[in-house]
Amino acid sequence: MTALLDARTAAEPEAIGEIARPLSIGERLWNLGWLRKGFLLALLFSLWEWYAVRLDNQLVFPAFSATVQALGDALVNGGLVSSILVSLKVLLAGYGIGIALAALLAVTAIGTRLGNDLLDLLTAMFNPLPAIALLPLALLWFGLGSGSIIFVLVHAVLWPVALNAHAGFSGISPTIRMVGRNYGLTGWRYARHILFLAAFPSLLTGLRTGWAFAWRTLIAAELVFGVSSGSGGIGWFIYENKNQLEIAAVFAGLLTVILIGIGVENLLFRLLEQRTVLRWGMKQ
Amino acid sequence: EVRELRIAKQYGLGYLPLIVIEEQRLIEKHARAAGLGDVKVTWATLGGGSATNDALLSGSVDFIASGVAPLIVLWSKTGGNVKGFAALDTSPLYLNTNNSAVKSIRDFTDKDRIALPAVKVSIQAIVLQMAAAKAFGPQNFDRLDRFTVSMKHPDAMAALLSGKSEITAHLTSPPFMFQELDDKRVRTVLNSYDVLGGPHTFNVIATTKAFYEKNPKLAGAVLAALEEADEYIRKNRKAAAELYVKASGTKESLTDVLSQLNNPALGYSTTPVNVARFANFMHQTGTIKTKPRDWKDLFFTTVHGRKGS
Amino acid sequence: MATAGTAPLLAVDGVTLQYRMRGHLVTATWRVSFQVRRSERLVLLGPSGCGKSTLLKAVGGYLKPVEGSITLDGKPVAGPGPDRVLVFQEFDQLLPWKTVRENVAFGLAAGRGIGRQEAVERAGEAIRKVHLEKFADAYPHTLSGGMKQRVAIARCLAMKPEIILMDEPFAALDALTRQRMQDELLELWDQARFTMIFVTHSIEEALLLGSRIIVLSPHPGQVREVLEVDPLAGPGRLNGADPEIGERIRRALFRDAAEYVI
Amino acid sequence: MTALLDARTAAEPEAIGEIARPLSIGERLWNLGWLRKGFLLALLFSLWEWYAVRLDNQLVFPAFSATVQALGDALVNGGLVSSILVSLKVLLAGYGIGIALAALLAVTAIGTRLGNDLLDLLTAMFNPLPAIALLPLALLWFGLGSGSIIFVLVHAVLWPVALNAHAGFSGISPTIRMVGRNYGLTGWRYARHILFLAAFPSLLTGLRTGWAFAWRTLIAAELVFGVSSGSGGIGWFIYENKNQLEIAAVFAGLLTVILIGIGVENLLFRLLEQRTVLRWGMKQ
Amino acid sequence: MATAGTAPLLAVDGVTLQYRMRGHLVTATWRVSFQVRRSERLVLLGPSGCGKSTLLKAVGGYLKPVEGSITLDGKPVAGPGPDRVLVFQEFDQLLPWKTVRENVAFGLAAGRGIGRQEAVERAGEAIRKVHLEKFADAYPHTLSGGMKQRVAIARCLAMKPEIILMDEPFAALDALTRQRMQDELLELWDQARFTMIFVTHSIEEALLLGSRIIVLSPHPGQVREVLEVDPLAGPGRLNGADPEIGERIRRALFRDAAEYVI
C-alpha cells in the first residue's frame, strides 16, 4: 500500500518508504502467536505428565501419555467421534437459541425502562440457579432427550450473554448513539447497525463465556438426562468410563473438551476478534 | 392402551433383565401376543436416581428402574400413586474398608469416612442404619451417620483404592464391591444379607397407578417379558453375559461379567424379598411418614401372588 | 426577532435546556429564542460552556426543552432524524467499524435510503472534497483528529439534509485546510441553498460564513446579541471581515472581561 | 446546587432556577425503580402460582404458595438459616479468591505478551470444563469438605471474571492509557489507578457473571462433594430434600437462592453501579 | 540547526515514525530533526494529518522511532514519564471517574509525589486559573468540550513538568477564553521558564506563543521551515503579530496550494 505514501512530500518522495527494522530469528519466531501458544501448551502438558507420574495414582489422575493413548483408542474404537458429533449438535442448538434470546432481551432492555427492569430481575433471579433446578420443568416441557438438554443449555448461555450484551449496549458512547439516531435508525435496524457493532467487544466476551458455560452444562446435563435411543454425547462417554473406572478414558473425554475449546478459541473467536474489534481499533 | 411405552433404566449389571428385554424385543413380542399389535418401546438410560424419579413424575417415562429405598420414599410421598411393579434383582451390598484396624462396624472412629450413594435415603444408608441399630441398640440407629459421605460409586471406589484419601470405607453394590475386593488391602466388614438375615431385593421396576390401571394388558406384557428375561439369564448365563458386554459397551471382560453372574448371592427375580423390612425400618426412623400394611402395599397386584416379603 | 418575509423554517422559542444530575440541575441555556429562515446560515458564537452544543443537540432532537418549544416547519421537533444532520464536536463521531468510505456511504444509505452502489459513488465524491481520497479505505482509529472531523463533514454534506447543524467542525483544522473547507461549504450552499446552524468560536469564521450571527452570554447561555450580516451580499470571500460588525461581536463577547475589550 | 448558576448571566440572574416539569402521580410512582421491579416480581410469582395450580403436580412443580410455606418452615425449624450461612461463607471465600486470581491473571495478560497468550490458553482450556472434571484433583489436594468446594468455586469464578477483566482492559481508550503512563504509573499502581477504573463497566459484568456462576457451582458442588451430613449448605439442603421428595422444600431452597440473588443485585451491584459507572457517565 | 550556546535539552534526530497496520505501513513523519533548548517555546505548525500529534507522542515516549533517535538531556527517551506532561488533542483525556478537582490533584499526587492535602490545594489554584472553580466537583462527562480541554491544561500546568507538550490545547476555546489562556500560559512561563512544544494550527497563536516555529510539510511530515522568532524579545502581547514572519509561515504552509497563497 505504498499508494498511501503521498507524492506531495517535500523532498525526494521516492526515498520515503517502508523502513523495516531487522529482526533477529528469535524475535521473528517469538512473533508467531501459534508458536508461543504451542510452546505454552507443551509446557502445560509436560507439567501434567510430570505431576501424574510423580503422583503415581492412575485411578485418580492418569498421566498425559496414558490419556492421549486412551484418546486415540476412543477415537478409533470407542465411538468418541460420534459422541463428539452428538454433543456438538446439541451444543450448537442450545448456544444459538441462547444467543438469539439474549439479543432479544438485551435489545428490549436498552429500548424500554420496563425491559431494563425485566432483564435486571430475570438475570438476578435465574443466573444463579444451577441447571438441576430446571430439570423438572425441562422434563415436563420437553421430556427426555435433546429437547431438555437444549433447554438447560439455553439457560446456561442466555444470562451471561444477555448480561454482557446489555452492559455493552449501555457503555456505548453517547456520540455514537446520537449518530445512529441521526440516520433515523430505530428498533432492530438501530440495534443491528449501531448497538451490536458498537458493543462488539462486550458481545465477544459474552459469546466466549456463553460458549464455555454451554460446554460445562452440557457435560453435566448429559449425565443427568442420560441417553435415549443409544446416542450419548461426550458427557455420557465420560460417565460410562467413570463407572468402569477407565479414568484415562475419562480424562480423554475431558481432553477432547479442552482441545475443542482451544480450537474454537483460536479458529473462531480469535479470528473473529482480529477481523472485527482489533481491526476497528476498539481493542488493543 | 398406549402405543408407545417408555422405560428408563440405569447403568450397570443390575439392570441386565432390562437389557435382555431391549435386545430381544421381548415387550414387543408379548404385547403382540396380548393382541396389542405393534407397540413401540423407547429406552432411556439415566445417570441417577433423582433424574429417574423426575422422569416418572413428570410423565416423561412410564416405567423406571429404581432402588428399593427410593421406591419406598416415592410410594410414601405420592400416597401410593407410585408403586413397585416387580422386583428386578436380588443382591447383597458390602461395606468394604481399607483400614486394617476396622474389623467390624464398631471399630469406626472419627478418622474414618464411609462413602455411600446418598445419605438417609439410599438402600446403602438404610442398611448401615439397620446394622447400627443391631449393634448399638435401636435408638442409636444413626450413630454411624456422621461418618457417612455422599459419593457416586466410581468416585468413592477410586478414593478407596487410591488409599490416600479420607475415605476408608465404601458401602456399595456390584460390580464395584467385587472390583474393590480385587485389591488385597480391602476387606468386607459388613454384608447386607447378614444384616437382614438373608437375601433381599436390590432394584425394582416401578410405575404410576394411572398408567397401571389404564394399560392392564401392556403391564401384563411387561411382566411376561421380565419373567422371560429372568428365565433366559438363569438358563443362558454365558449368552446373557455376552449380550451384556455387547449391548452396554462395557470394557469389563466377559470372564469378569460371567463370574459375577455366577455368584450365587446374585439373582434375577420379579418376586420382592425383604422389602417390608426396609419399609418398616424407614418408618421407625421417621424417614417415611406412612407405614405400609405389608409388602403388597408397596406393589401393584402384578406380583401379589408371589411369596414375597 | 423574526424578519418579515418568508416564514421561519425553524423556531426556537423561549427554550431552557437543563441537565438533570444526581442531586442538582445544570441549566445549559435559559429562555433562548431565535428563528431560522429557509436557506439561512445562522452562526452561534459564545464562550466555552455557554450551551452552544446543547442547543444544537436540542435542535437535533436529542434533548427536550424543559421550557419553551422548538418547531420545525410549524411542527414540534419530536426526535432526531436525517432531515437534520449533525456534525458533532467530538472526535468519536465516526463509526469505528466502518472505513472512511463506508462511514460516508452508510449515512447516505441508512439516512437517505440511497442504493448501495450510488451511495458509495457519492461517498467517494464527498471524500475527495475533503481531500481524504488516499484514506478512503482507512478505519477511523488510524486518522488524525483533523482527518476524523473532515470525514464527519463529508458525511454530513453528502447526505444533503434540509438543515445542517455543525458544532465547531473546523476547530481541529489547520489554516489552509480550514480555508478550503470554508470555501467548499459556501460553494455547496450556493448550489443547494440548505439551511445551516453553525457553531464556531472564531469571529472571522462567523463573519465569513454566517448570514446571521447570534452571540450568546456565558453559562447559562442567553441570547445577548443578534447581528444581521447583510444576506443580500451573499456568500463570498470577505477579505478581512466587516470591521464594524466584528467590533460589535467582540464587544458582546468580551463584555464581562474589561481587561480584554479590544 | 444553585451555586452552579453563575451570577455573570446577562439579565435577572435570580430568575434562572430550577424548572421542574410537574409530573403526574402515576409518572412519579413509575419513576420508582423498586416499585416497578416489585410489580414485575409479583407478576412472575403470580405466574408461577397460576401455572403450578393448573399443572397440579406438586412433586414436580409445587405452587409458589406451597414453596413459601415450606420456606417459612425450613427457616424456622429446618435449619435453612444455618445452611445459608454455611453456603455464604464458602461462596464468599471462593468468590474472593477467584476474583483476586482473575485480577492477577488479567493484569499479567495486559502487561506481557506471554501473559496474554497464557490467559488466552488457560481460559480456552479450563473454562469449558465442568466442575466434576476437577473432582479428583480437588479431593487429592483438599480432601472432603469446604476446601474442595472452594477450589471448584474458584474455577467457576476465575475464568469468566478474568475474561471480562481482560476484555475491559483491552478496550480502554488509548488516550486514557497514555494519560496513566504519563504520570509514571506502572505495574500494580497503573492497574489500580487506571486499568481497574477505566475497565469498571466490564469488571462489573464479570463480577455479576462470576457471582451467578459461583452459586450455580456451589449448589452442584455441595452435592458432589457430599459434606458429611449435618454441616451442609443450601446445595445440601436441596439435595437432601430432593432425595426425600420434599419438592416444596427443594423449591424453597431455590427460592432462597433467587431471593439472595435479587438482594445482592439490588443492594450491592446496582448500588455499586450507581456510585461508579453511572455517576461517572461510563454507562447510560 | 542547533543554535550555539546552551546545549539542547531535547534532540530529535532524523526521526521517522510509522504505524504498522495489517498489511501495510503508514509513515507519519519522515526523518524529522530539530532540537529544543531549555526554556524554549517551540511551536509545531502543519497541515492536518502531517504527523504533529504523532511527533508529540514520540517525544512523550509513547512511540519508538523506526529510524533516528530522540534524546532528552543526552539520554534516549525510553518511555513516558511525568517529566514530560502531555495535553492531548482528544476530549477523552480526563479520567472519567474523577471530578475536575480530583483529576488535577491526581496528576500532582501520582506524577509528582505531592501529598494529598497539598495536591488538592494546588489543584484548586490551577482550576481557578482556567476559570472552572464552579465546576471543580463536576465529573468530566458533564463538561462541554472546551471545559474538558481547560481541565487538561490545568492538570498539565499544575504538574509543573520540565517539558510541556501541548497538542492544540486551545482549539476548542472561544476567542476570549483562548486569549486568557494564552496570557496565563505566557505568565506562567515567565515564572517557571519551562520548556514547551506546542502544536497549533493558528498562525497568530504560533507567533504569539513560540520562541521558535517549525513548519511541517503535508503527510508524511518533514521539516519544511524553521523560523526563529527573536527570543530576546521575550514573551509579550504581539498585537497583530510580526507581519513578515507571518508571511513566511503562510508561504511555507500554503506552498502546495497555489490558489490560496495570500
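As written, the chain order gives the labels A, B, C, D and E, with residue 1 at the start of each chain.
One rule holds in what follows: contacts are C-beta pairs under 8 Å (C-beta built on N, C-alpha and C of every residue); 3 or more make two chains touch, one makes a residue touch a chain.
Note that this is a predicted model, so its numbers are computed, not measured.
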Chains contacting each of chain A and chain E, listed by label: C, D
Computed over C-alpha atoms, the centroid farthest from that of chain E is that of chain B
Taking mean CA positions as centres, which chain lies farthest from chain C? B
Taking each chain's centre as the mean of its CA atoms, chain B sits from chain D at a distance in Å of 41
Chain-centre distance (mean CA atoms) for chain D and chain E, in whole Å, is 45
Residues of chain B that touch two or more other chains sit at 50, 54, 57-58, 152, 155, 158-159, 164
Multi-chain contact sites of chain E, meaning residues that touch two or more partners: 26, 90, 92, 142
Give me the residue numbers in chain A that touch at least two other chains, ranges are fine. 4, 6, 57, 60, 136, 139-140, 223, 247, 279, 282
Using the touch rule from the top, collect the residues of chain E that touch chain D in their complex. 57, 60-62, 79-82, 84-86, 88, 90, 92-93, 95-97, 106-107, 110-111, 134-135, 139-142
For the complex, which residues does chain A have touching chain C? 3-4, 6, 173, 175-176, 178-179, 181-185, 189, 193-194, 197-198, 200, 276, 279-282
Flag every residue of chain D that touches chain B in the complex, lowest number first. 57, 59-60, 135-136, 139-140, 143-144, 223-224, 226-230, 239-240, 242-246
As the complex stands, chain E meets chain C at residues 19, 21, 26, 45-49, 51-54, 89-92, 142-147, 150, 168, 171-180, 201-203, 250, 253-254, 257, 260
Residues of chain B touching chain D in their complex? 49-50, 53-54, 57-58, 70, 73-74, 77-78, 113, 118-122, 145-152, 155, 158-159, 164-167, 287
